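First up is the structure itself, then whatever we jot down about it.
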């Protein structure tokens, strides 16, 4: 691993972000990344955060048109409430703050505590829970569906709504709508190695893959003999479509888990488009790349979001962050 | 690997690019990626290309402000002359075409043949050779320094010059100046697995690294026991500085080889900045990310470019490609 | 009676056991979770030790409240808020008394455990830290040693269970056959309590 | 005398040997290069076979010229232009004759090899395909079999050399101790020639 010691990886990365992104204010000690011009008068602020190891999520999405601030936790460990409260205080312009929370027990509990504390400090807080992973059954017998690729859609689109000047309840409502309209499915072709453990979290022999994995190196729902890109696309896209049942066009995220070369990911993207075409689903916009990652894990995920005109317009709206930039 | 069969990886990836980038014209059969609005009247065109497996280089750099077209070869194999001639014909507006060629025997010979053929077809062609890798001694006893990270600087800055309307000789001169002002050094923490071979190109036990590697899975100049991020930055930056001897500010590329998580890469970026500070070198701009990669190889490279005001201005100029976007 | 110093030493002992077993906890967490439970708790209890050393609180309740706040501020993940709440609520239930009995502690810990169940929504048998904590609270009514044994037995009894809360629940059937990391660390916390009591000289 | 059909069969035989040994060539290339030489040549010679089948050229020179053009258009890398130039120049040197002698071929191949040296700037002893081709040209003056042996010996003799051209030169001293992939494939090309001559019935 390209590290000094496991204990400092997050702080080291934040120092690196500080050195290369003058457009961000990076508080290395307190682990908060804020867009430099925050608070932005008259605009609702968005704060997200989660365990590190998923870069560019979340800190790479801080900037005009997306997040106001991000709180990186330790690797694969949700941040602590102090970070979120500090971030909220730094970005609130008086219009209130939306917390974007991925549905993991740790994230949910820590953001919940933060929301209570921020409330006591007089901040207006709304929360949106992202839970898009169809590999997890959403039942009383689980912690509910995980939050994965849809986080990018939620942060981008709600960020655009905030940028347009929408009030807090409306930004929160759009964020929830994006989440409800999104589903994901992920596949691992290798395990993941965290700095703390230093060896793969699970054993995955070459020639096998894990279907239905999350982004924390948890094993998936099922192990199988290696499949082709074509077969994986069939499996993943069908899993998403069977749950999502879109009636119209979709936004598509063809996401790499970190260790899969972009060459392979684009090839996989072609297969994703093929399945969608076969199932009669029109793709309004596609994004291909490593956006919601799991350190060095090889693999990919597919996220689809039912997209009406408003969502497409907000998706196309300008964004200017380290990892996502377009529009003018 | 996330592939169908090794024989179709490049075509599959191009189909994926076609599906997700409506702003590009992708000729999958002939393997040419062209910006949709080419040829752009009154502007010099830039064509680059090389083996696949280095994505987003080069096709991810096609668009306004950078390349006019890219020719992807087989994995780690330079493209053939037919591709380059076709690309040049597609993008030439009458102002001439600059070939950006990385210094590898294969690339040099194929681009040379292409230049001759294009010349016969009446196109005006200039070539710039990128050779920035200080790990290779530039002597009669080698093929000369390899072209690696500096390719990004050359393509971005020469692309900006062309975008401003500079004539061919001037665009070529700037491209050469950028190359002469740039040096790189790379380190591998793992080997690389090509689709054709299916197993690692060289054996690199955990706990060892290769210093002075290129981007094709060739072993490096020297194998060592694993070093910390801090030690690697000391070694790589000093190797570059000792050869480059900048008298003023530099542009810095902290590049991931593909398999190293962005979290680690940013931490490495912090160490690169520390060494530069210690050596009294001012960094005008930094770019951190996986830009000139070697499939799934873990590792990193550092490229520095002596940057005068003109180069910084051209670096900051707007660019709008799949992998690099900024300005307005 | 157990005074502030006793509770202080309990926390130090817990930090010691967590530090000793951190790799093991992470190993358990890599089988059915995300391989961070050991480093999470090591970081948290190191912060607890440091905070207690800086300004030692004067009552049992204050010791546990401070420890709980430290865990919440430094651990993150699921275990941070849960263990933090456990200690804060237990401390709150102990009130301002300068010393408390084992029975007081068992009662207060019962409140703390109930708060964990309420916060995280888990029940006995869901394969979480509660499966060690719930039997421990009952057994602490008898003796510290009984509490330790019950907690360990509870942790071991999580092996055949299918997880219904936390990250391990994503695995469904594949979570069966592995011991829960949180239940295992909870057993360490109770073992540290019994160790402290034994060092203090017999049953307090 | 060797007619167009003989040259056609030579190319098919070369394609066969390259296909058979592709993994080996790639293995050699992974030690001191980038692990693509086998797949490069397999792709190229498959295209040569296909093109020759489509419209079989009528003279030895035309066969080699077409084969060379196919290699240039389909191989890429260093070996594409070099092998392409080798065959095109050899074909050009053979001119329009409907049949040629072994001596004619040896002379023409000598011109092709010289063109390779000029294009790539390599000399004997630089650990490249030239180290098999140069001795083969000389020995072909004697017999096809001698050519084959000389090419193979030349390829094997690259093992102790330090590479001075191509990708292997980046390795410096570390290139020593490995057989050059291009010299190895060049020996296959000459072996295919000798095989074709033998199948055609003795020395032509």
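For this structure, a couple of remarks:
A, B, C and D are the chain letters, set down in written order, and residue numbers restart from 1 in every chain.
To be clear about the criterion, contacts are C-beta pairs under 8 Å (C-beta built on N, C-alpha and C of every residue); 3 or more make two chains touch, one makes a residue touch a chain.
Since this is a predicted model, take the numbers as computed values, not measurements.
Most remote from subunit D, judged by the distance between CA-atom centroids, is C.
Subunit D has its Cα centroid 73 Å from the Cα centroid of subunit C. Per-chain Cα centroids separate subunit B from subunit C by 53 Å. Rounded to a whole number, the gap between the C-alpha centres of subunit B and subunit D is 32 angstrom. Inter-chain spacing, taken between the CA centroids of subunit A and subunit B, is 29 Å. Within subunit B, the positions touching two or more other chains are listed as 75. For subunit D, no residue reaches two or more other chains under the stated contact definition. Chain contacts here run in a simple line, from one end chain through to the other with no loop closing.
Interface note: chains touch in the pairs A-B, A-C, B-D. Touching subunit B in their complex are the following residues of subunit D: 26, 30-36, 38-40, 43, 72-82, 119-120, 162, 164-167, 169-172, 174.
Residues of subunit A touching subunit C in their complex: 6, 51, 73-82, 104-106, 109-110, 112-113, 135-137, 140-143, 146, 194, 196-197, 201-202, 214, 216-219, 221.
Interface of subunit A with subunit B (complex): residues 1-5, 8-10, 12-20, 52-53, 55-56, 60, 75, 189, 228-230, 232, 254, 258-271, 273, 283, 286-288, 290, 293, 295-296, 298-300, 325-326, 328.
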